[in-house]
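To start, I am sharing the structure in question, which I have written as structure tokens.
The first chain written gets the first letter, and so on, giving A, B, C and D; residue counts start at 1 in each chain.
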């Protein structure tokens, strides 16, 4: 009943673990069988291993969270060797979230991932926590278009482009990415944000700004998903502040095919199970046979 | 000690009531002497009286609030006749917040306000809740520039332009407005946002989207104030999610000369008094003689 | 100067019917029937806004509220225990006109019964109450001493008349009607009474400030746009413009 | 499968020293000294994240935490009353190595004393505790039965040695050292013990998930970046890389 199809890949349900909030699934598999999820987006990968940022990495805000992890990850090869086998041992749809600082780095990463069992590449052009690139690609349409066009040329996996809410114009950005070859879109990544340590008289984070996520951003993220759904026809994965099944249904009614849950995983490791159950219950009560009936209905 | 100077006007302290959250001060003056404030920004005025929007006007979100009041107001003339005398009877700095749908409407409003005792015109080019204009001016630099340039030509009061966080690029927007003649800037207005009524399968608001405010937006608003302070030299009034004195100090350290408190007035009518006292206490503890010492210090 | 939020201490907080709670606070609180308070009993900013509740009764040193658990705010309030503190702003709004006499009907739907005890206690005249509920009736035992008749309707017929409370009363029998309840009921009552008997209705709307500043709680009246929290919550029935 | 958040019921929540509380919960909780739980006792999403607290003691059907009120989260927890419920995830992290024996020093700074009772109870060997406080000492009465000597330092000299706890102990006297407290103290202890006696330290960092997924709580170690919540919170002193 909750099944959804994204570009020919069937997900058991529309609930996907968001990149960077779920590791590679191992830790959570101790709390619930991660096979019950619709899918998992891996921690953001880069071609080479990264240690991530120094200083404070996590800071709480009103109904939200700022993070400056800085793409700490084992690198694409490390992922393929050490983490992918675990995920392959599970019946679960895998989105490999891929970041980078240069186009070449992205393309090399894609080539490596092409030959694996992952289902989608989620192209992260929106990470605000890496100085040398990442989000820069996600602000202006022209640079996004370029990287997506190149990525599409080499990708043998369906290409989902993850948009930044910091994009100058989210509709134009979505349109540009699709024009350049994106098979699907996911949005939003974190909002660029600031916190000040008033006693040290300095920004809390070494990079000055960091990425804001959590329920605080939901109303804005939902608006963006709705706006994007008005201008593109590719599948959209809605992300941003989802903490319960009602939030998930809002995103689907605003036009999302599936949704990702990020920060909420930190307040309850099995919260996505609750969300899946809630969606099911809602569908039963409302007599909805397939989520297609309510997608984009508003 | 807490005194600040904005364009030659002295404010007792940097705490100003934000437009639309404080009426014209009457209701709050029953709870505390509004003369203790640094200033008050009036409910958004338009040339002619407006009844505002129909349907639901207020909707709560996680650590925030969406509103679609739609600039209900007595019109500039109504304000001058019925509300201004009350404010004039108080020793308080007045910002007349002015919205509009067409340039002509703005200009006529300014002409009427020129001959009054108000201290500043706060040009609202950022109200997301009026279909026929308002925010449209605040998204693209070119249209903002045009209206500010025209406004500056007729204004005999210092002109503070209130920026929208929905602007495509907040730094370019700020720069454009100052280039066009803005004497000061205030930011941010509300974020365009969406909420869905999943049982009615419709947006909660008749206008589909509405404006998000409150602590949820603070980290983003603070980042924008900081970014703007990097590119302009005019005084900046920081707005967005301030609920306590620490928030206020963060904005000042990020570069704001003064701050406005909006939605927080709804959780405690005299919350601005607490904020003023907190700022004073902090200055005493830290040995700060004037806020100039810490403005933009980060 | 009016008081800003001040503290009340929970004396009791009892579930008197499924999902319906009676909250009694200690403290010296004022107010007339139909007025309301804004309540807040949580730290942090989620929920963000305080919650409006009508005065259900005031006695020396005690105030009572009657509330239904609907969402986050009332859920949190329902967890309060004796001795816990919470913050209150009020009394707010205009309240019912208590100067009227004669034969008076009080009409309530569901939790709209909340202000009726305090109202009945403070009216002179002959009072009859007509209360509709989904299935369980509540609070009527406390009201009974102050009224001549108690008339109940339930949607499922489990108690009293099966059907709507508006089926039960004939406006011709009364000099005055006071009503509080869900909007469809209010509208029906106003329609039935139209041109036959004066009716006062307590209106509801989402509120942010509760003191007249945000313009969030407005309704349309024959005089124009008015604020439920300031010009209301009690309006003359014929003054309210019901849009659908 | 491990348990996700489960419920604990407050048995007592007592301020044992200014701003220092002892929270006892009923329920069957597991864990070894040095491990911690994530706690959440509020509705809504502000505060957003649960708060990590070390196990202060576990007894049949009871778990104890000792905490200092720092900000929003601990403030809310401090208001809990007997009978209130809260949610807990744990036990988390690695805990102290209990297999060691000999002459052992436990060193704590401020609220870093929290895990020391449970640790002292579960160690064999001859145990001496060295505890530094700003001005008021606490929790030591409970620890006294399990240790040979109690050594106190306070910053203002109001109790015991006036100065730092590190002034008090000579690493040459011990076979093993366990330390928990603020970062400057941890660093000082590690420096003093370097190459003389093995030291285990309990590290602290801001946490989001508590289970190793978010990479928010990492520190630098000689092996590379490691997670305080997963590879820690207890690390060998010589393995931690102290920056600046």
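Couple of notes before you dig in:
As a working rule, a contact is a pair of C-beta atoms (placed from the backbone, for glycine too) under 8 Å apart; a residue touches a chain by one contact, two chains touch by 3 or more.
Nothing here was measured: the structure is a model prediction, and the numbers come from that model.
Counted by C-beta pairs in contact, the busier of B-D and A-D is A-D.
When chain centres are defined as mean Cα coordinates, D lies farthest from chain B. With centres taken as mean Cα positions, chain C sits 46 Å from chain A. Centre-to-centre separation between chain A and chain B, using Cα means, comes to 34 Å. Chain centres here are Cα averages; for chain A and chain D they lie 35 Å apart. Touching of two or more other chains is recorded for residues 44-47 of chain D.
The set of chain B residues touching two or more other chains comprises 61-64, 214-216, 243. Interchain contacts join each chain to each other chain, per the touch definition above. By the touch criterion given at the top, residues 62-63, 215 of chain A touch chain C in their complex. Across the interface of their complex, chain B is touched by residues 61-64, 66, 168-169, 191-196, 198, 201-203, 208-209, 212, 214-220, 222-223, 226, 241, 243, 246, 249-250, 253-254, 282, 286, 294, 297-298 of chain A.
On chain D, the positions that touch chain B within their shared complex are 44-46.
Chain A meets chain D in the complex at residues 20-23, 27-28, 30-33, 43, 51-52, 54, 56-65, 67, 69, 72, 214-216, 243, 263, 265-270. Only residues 1-5, 40, 44-50, 89, 206-218, 224-225, 230, 243 of chain C touch chain B when the two sit together in their complex.
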